[in-house]
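Presented sequentially are two complexes of chain A, the first with chain B as partner and the second with chain C.
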Partner chain A sequence: MSMGNEKDLRSMTPKENLPEELLPAIQCVQCGKCSSGCPVAFETSHTPRKLLRFLQWGWLEDASRSPFVPLCAQCQTCTVRCPRGIDVSGVVLALQRTGRARGWIRPDSFHKTLEEMIERTGRVSELRLGLLVAMRRLPVHPLEDLILFFKMLLRGKLG
Partner chain B sequence: MRYLYYPGCSLKGTARDYEESLLAVIPALGIELQELGKWRCCGASAARAKDSKWARALASATLAIAQDYEMDILMPCSSCYANHVRVLLETQKGEVPVELTGLRRIPRVKHLLEVLAQDLGPDEIRGQVVRPLTGLRVLPYYGCLVGRPFRLGGTESVENPQALERIVQATGAEALAFPWKLDCCGGPILFSHERVAIRLAGQVLKEAVRLSPHCLVVVCPLCHLMLDGKQRAVEKEMGQRFGLPVLYITQLLGLALGLDPRRLGMHRLITPSETLLARLGRP
Partner chain C sequence: MDGPSSKIGLFVWDQGGRLGRAIDLAFLLENLSRAKGIGHCSIVEDPLAPGGLSPVTEGLEKGEFGRVLWVGPFSLEQQEVLRQQLAKAGLNPFLQEWCDLEEQGVCDGEVDQEARQRKALVLVQMALARTRLLEPLVPVEIPASQSVLIVGAGVAGLHAAVSLARLGKRVHLVEKESGVGGKVASLHRFYPRLCDPLCGLEFALQALIGSEMVEFHTLSRVTSVDGGRGNFHVRLTKAPRYVSEDRCNGCGECSRVCPVAIPLTSEGHRSKEYLHALTVRAIHPASPMPFPSAYVIERAYCPPDCEECLKACPSSAVNLEQEPRELELSVGAIIVATGWDPYPLNRVEEFGYGAYPNVITNLDMERVLSSNNRPPRTIGFVQCVGSRDDRHLPYCSSVCCSVTLKQVLYLKQKAPDAHCYVFYQDIRSPGFQEELYQKLKETEGVTFVRGMPSTVRPHGDTGRLRLRVEDTLSGREVNIEVDLLVLAGGMIPSRESEELAGILGLPRNSLGFFESHLQCHPEESQRSGIYVAGCCREPMNVAASIESARHAAMEALPFLNGSVLIKPMYPVVDKTKCDKCKRCMEECPFGSFYFDEDGFPTPHLGRCRQCGNCVGICPLGAISLRHLTMKQMAAQIQAASASFMGKEEPTVLAFLCQNDAYWAAREAVKRGMGVPPNVLFIKVPCAGYVNNALIADALALGIDGVLIAGCEDGQCHYVKGNQLVRKRSDDLSDKLRKMMIEPDRVRFVNLEIRDSAKYAKVMRLFVQELKAMGLNPFKI
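Moving on, here comes the complex of A and B:
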């Protein structure tokens, strides 16, 4: 699916395209308050405001595949600041759920591991979680993380 | 005052010092705690991203177990707290999950900070302080979920809460105004976007040291992991040395109550706190 101007906006029928939980996004007035306060917006070209715009146009798949969706830290700043009362962080999570249900996006290895752990045991073992994630992907600061691992172990913080 | 204590996964793991200091301090303040034995994980950041029903089921499971105890639930972790409050609010709006239908009484959920600042109150705490932390410059850091999107205790501001400042002042310490106190620590995306997460924590630490505090005080295990545990990685990434001790609010309170630093888990902090303890005459 491309994201160019070739889309015929007049043919878009957002309300029919969107799942019910995403309908509040249509109320957005594009003021940008969500994006100016967003701590991770500097990392991608897509801001929360842009995602809401996509939804207003009915571009559900584009919104869901946006690089912003997995980046969002769920800090809730946009949600408490939206003058239209849209739960913007909730919209981002709903996009994640929709995208996963429709096979557009997949959870990263960390979330996959976390989900499996909660499903299986009902609780999270941070030691196992950390090790499993580290095994699947080399950490950015291997030396610092190794030192941290031993420090935590010595201090009894790893179970 | 009695509460049902829900520890959550972190307090049994990386935030063991949070649990130790909490279990030492809260009874010392005259609050009775009973640990909920069969608690379940709140779903962390994973459940809501996958399936709303699953997220509701996880939080509801704990609430359903807790109904027998006739007590409010105390949660020290901001993420557990927010996940459970969300389900409670949805229930009030009429979206009652199957797990909660037909419950006699749905328990209330309170964050530790709410219990300290509102139920107990700073005056009560001040009255019990035996070693006032006079002259200590403390930076209160809330992070996200304790005060956002749900107003702490239903009354605190979402943009400038004061609950933590009131507790810090009750210990005799100085609570510095910290404009970055509600900024994200990056914790939730540490394992998926590590560099971004480290940069967010770095921003907080960088702005913090400019105010030359003696320590930062937090109320969330994930904030603590990012600001204390990952501080070395952050220093490397930012090319700046911080060396800033990060304490849980319960550790700060414990010091003011004259409790032994070991009982408060101070020896488990990753960023050394020796200078801080020496300053307080508590080596």
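Moving on, here comes the complex of A and C:
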């Protein structure tokens, strides 16, 4: 928890600061159901609940830069569980978009490759994607992905 | 037939052979028919069937017997039916006794038949011993007043008065202020419908003003009360108003000439422009509500020799020489509705109440809202100030969250561009309040921050206040500046509650609120005939106060009917034994004892709840409940001392509280939970009934162990009977040691109504321990 990050709140109001698609965050009651059901939240202390709280304060940039935003798997569990009917994964998606548009998030090699591939062909080939990402990360990239490659191949996950 | 026979008719209800299968009834009856005092002894078919009672009624008519002992598993309802049926045949309901062999474990097939047979005999002998000593009793009717006293004319008091006046009861409404209305009259709006409280109060008041049944005693205080339910004698002192209530018509000429202005801002507070400086003249209309319509003079503020109002009054109503008056009333019941005071917030230093002019309470905020001035732009609300805090008030005042929600809503309506911050630990918005809470949460310019400011400091020369808060939900510290800080303080019982508690002898809890059985009888205080309503019992909102007031009125009603019927089981003090030690007076949970004309403690029938704790307390055994006398008990214990389990087995006598422990024990036997057959039990009205003398008697007669079962602590129906009996255990131990009996032969246990398994377990252990301890040396 960063306690040193002081905010002057006088001008902070969500409606002035947030784009339309992020406004549902206002309805959040901070029950934490989204975070307890999230399969990737264990990776970071910035859970979806906290993200929504940031938005309630109007802290758009901080929310976009949250380490959770690139982690989200878009599994929709949070959206399904939300008692207030907020499309939480939609909010995260919108955050990704806003963050990208305003230059707060810089896409990593994986996302870049994925997007390029979809733009070019309209579909995703895991094999190609894997290879391209591995190529991009060379020479730093270790052998981990190669092991993963064989594992996925064995289970028929590559096509 | 000359007078009722003192012989006993003993009837066994076999319930279709259930008892007959378990024990040899013929043997039982043969043994009993020779017992002392038996006039008739037989088995009856179902006595509850049509015509089933004829053997009993015939026997009564012939004069074969004059009292009846029923042996069989009669339920309470069936007992009541029999009582009523036989009353028609001329039998006093108190000349019947019941003996249920089944609930004592006589039908337990796992026990040796011989032992069961003997146990059954002992049990019936016990009941017989008691039946021989029964006395015919009739209820006592005491005349009662039809008026009621209501202390406090706030919203609770007024509504209680409306209810009772409507039912034709004479109401005396006592209020310490010059006018009615109480705290609610000073509110701007009240939730949930957010209307003006004056309208609601006016509505209640209209119902009272026209009524001849209601008498208002303003500027009055209760100074003494004696007597009991049905007949309270109350003394009031009425402070002088200096204006005649009959003559003054409220024209206001006097106010116009009065030279003195008194500021109305709350104590110790420097007002700011939005707390518009209200003043009143020394002679002003009654407040908080201008009813009664007569004006009142605050003489303490009058300059010497000023007689302006006297000269100005066109109806010569002013009387500057008025003296305080004493008043005596006789009432059947008292409703206490003395309300609340705000917690003094200057004690919660960190928020700067009293130090900074723009830190105000939520009650002050009501005034800000009702003024026409524009409210400030940024306003902070701090919830739970001093509440839920072990250093101040350890409880939740239950209304402050809703009050803040209401105030935020009004602020936003009044000034849509105002920004409100609400600092909270938890927002409690019960019921329909949740809707308002959610609505406000989504309103632009309303921010709820879960976190309490730890410091409040003025920011530069702007006069604004700077707060540092951790928003615990985002885990970040934030700094906020506000123009006005509103502290939601808690409720404490009013000063008058404390005063009145002394006068009425009403017990209060550790927080200062009046004690009551909060869940089952919320309005019933621990003094019979006195009811508590509204915030003097527990913090509550206006709606709940009104409900509790109406409920209190309903509870008081039975004592306002001109007479009160008292059940004849009340205690009597044997004056030949009593040495006036006053233990009964001190320990009676309902404070019902007083000194009669001979100087002996006597229970006030109107106050007594017939729990028998005085019987248990009396060191000389001089007090008896009339249907459960010490003699009857002693006879029963003597009969119980006959050994029935064989020479080597211990006998246990249990005294069970009839409210909870008895039912637990009954269930344990019925469900076969393994209650040892060595146990005999006697029902008592409260564990506190059991006098040490009775326990010593039982042990001296050779009973190996005595167990006393009361309710769980804090659940006693008579406040503390279960604790009182334990308090006496030291005395008992000394007494037993002198008799060379191990004090361990006496046990106390707390049982709830469902603690059947616990009862069985405790009994098994107790019997085991007694076996290890060896038999009672007094055993014959």
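One rule holds for everything that comes next: the second predicted complex is superposed on the first by the 130 of 159 C-alpha atoms of A that agree within 3 Å, B and C clash if a C-alpha of one lies under 4 Å from a C-alpha of the other, contacts with A are read in each partner's own complex, and residues count from 1 in each chain.
We take it that a contact is a pair of C-beta atoms (placed from the backbone, for glycine too) under 8 Å apart; a residue touches a chain by one contact, two chains touch by 3 or more.
None of these values were measured; they are calculated from a predicted model.
Novice: Contacts for A:Phe54 in the overlay, against chain B (first) and chain C (second): which applies, first, second, both or neither?
Specialist: second
Novice: Looking at the overlay, what does A:Ile26 touch: chain B (first), chain C (second), both, or neither?
Specialist: Touch partner of A:Ile26: chain C, not chain B.
Novice: Look at A:Leu114 in the shared chain and tell me whether it touches chain B only, chain C only, both, or neither; answer first, second, both or neither.
Specialist: A:Leu114 sits against chain B, while chain C stays out of touch.
Novice: In the overlay, answer first, second, both or neither for which of chain B and chain C A:Ala73 touches.
Specialist: Touch status of A:Ala73: first partner only.
Novice: Counting only touches as set out at the top, which of chain B and chain C does A:Arg65 meet: first, second, both, neither?
Specialist: neither
Novice: Between chain B and chain C, whom does A:Lys15 touch in the aligned arrangement: first, second, both, or neither?
Specialist: After superposing on A, A:Lys15 lies in contact with chain C but is clear of chain B.
Novice: If you count the residues of chain A that each partner touches, which comes out higher, chain B or chain C?
Specialist: B
Novice: Which stretch or stretches of chain A touch chain C in the complex?
Specialist: For chain A paired with chain C, touching residues are 1-10, 13-15, 26-27, 29-30, 49-50, 53-54, 56-57, 59.
Novice: Enumerate the contact residues on chain A facing chain B in the complex.
Specialist: 21, 39-40, 43, 70-77, 79-80, 87, 89, 93, 96-97, 100, 107-108, 110-111, 114-115, 118, 122-127, 133, 139-141, 144-145, 147-148, 151-152, 155-159
Novice: What does chain B use to touch chain A in their complex?
Specialist: 9-10, 12-17, 40-41, 43-52, 58, 61, 144-145, 148-149, 158-159, 182-184, 186-189, 191-198, 200, 203, 229-230, 232-233, 236-237, 267-270
Novice: Spell out the residues on chain C that touch chain A in their complex, using ranges where they run on.
Specialist: 378, 419, 438, 441-442, 444-445, 447, 450, 470-471, 473-481
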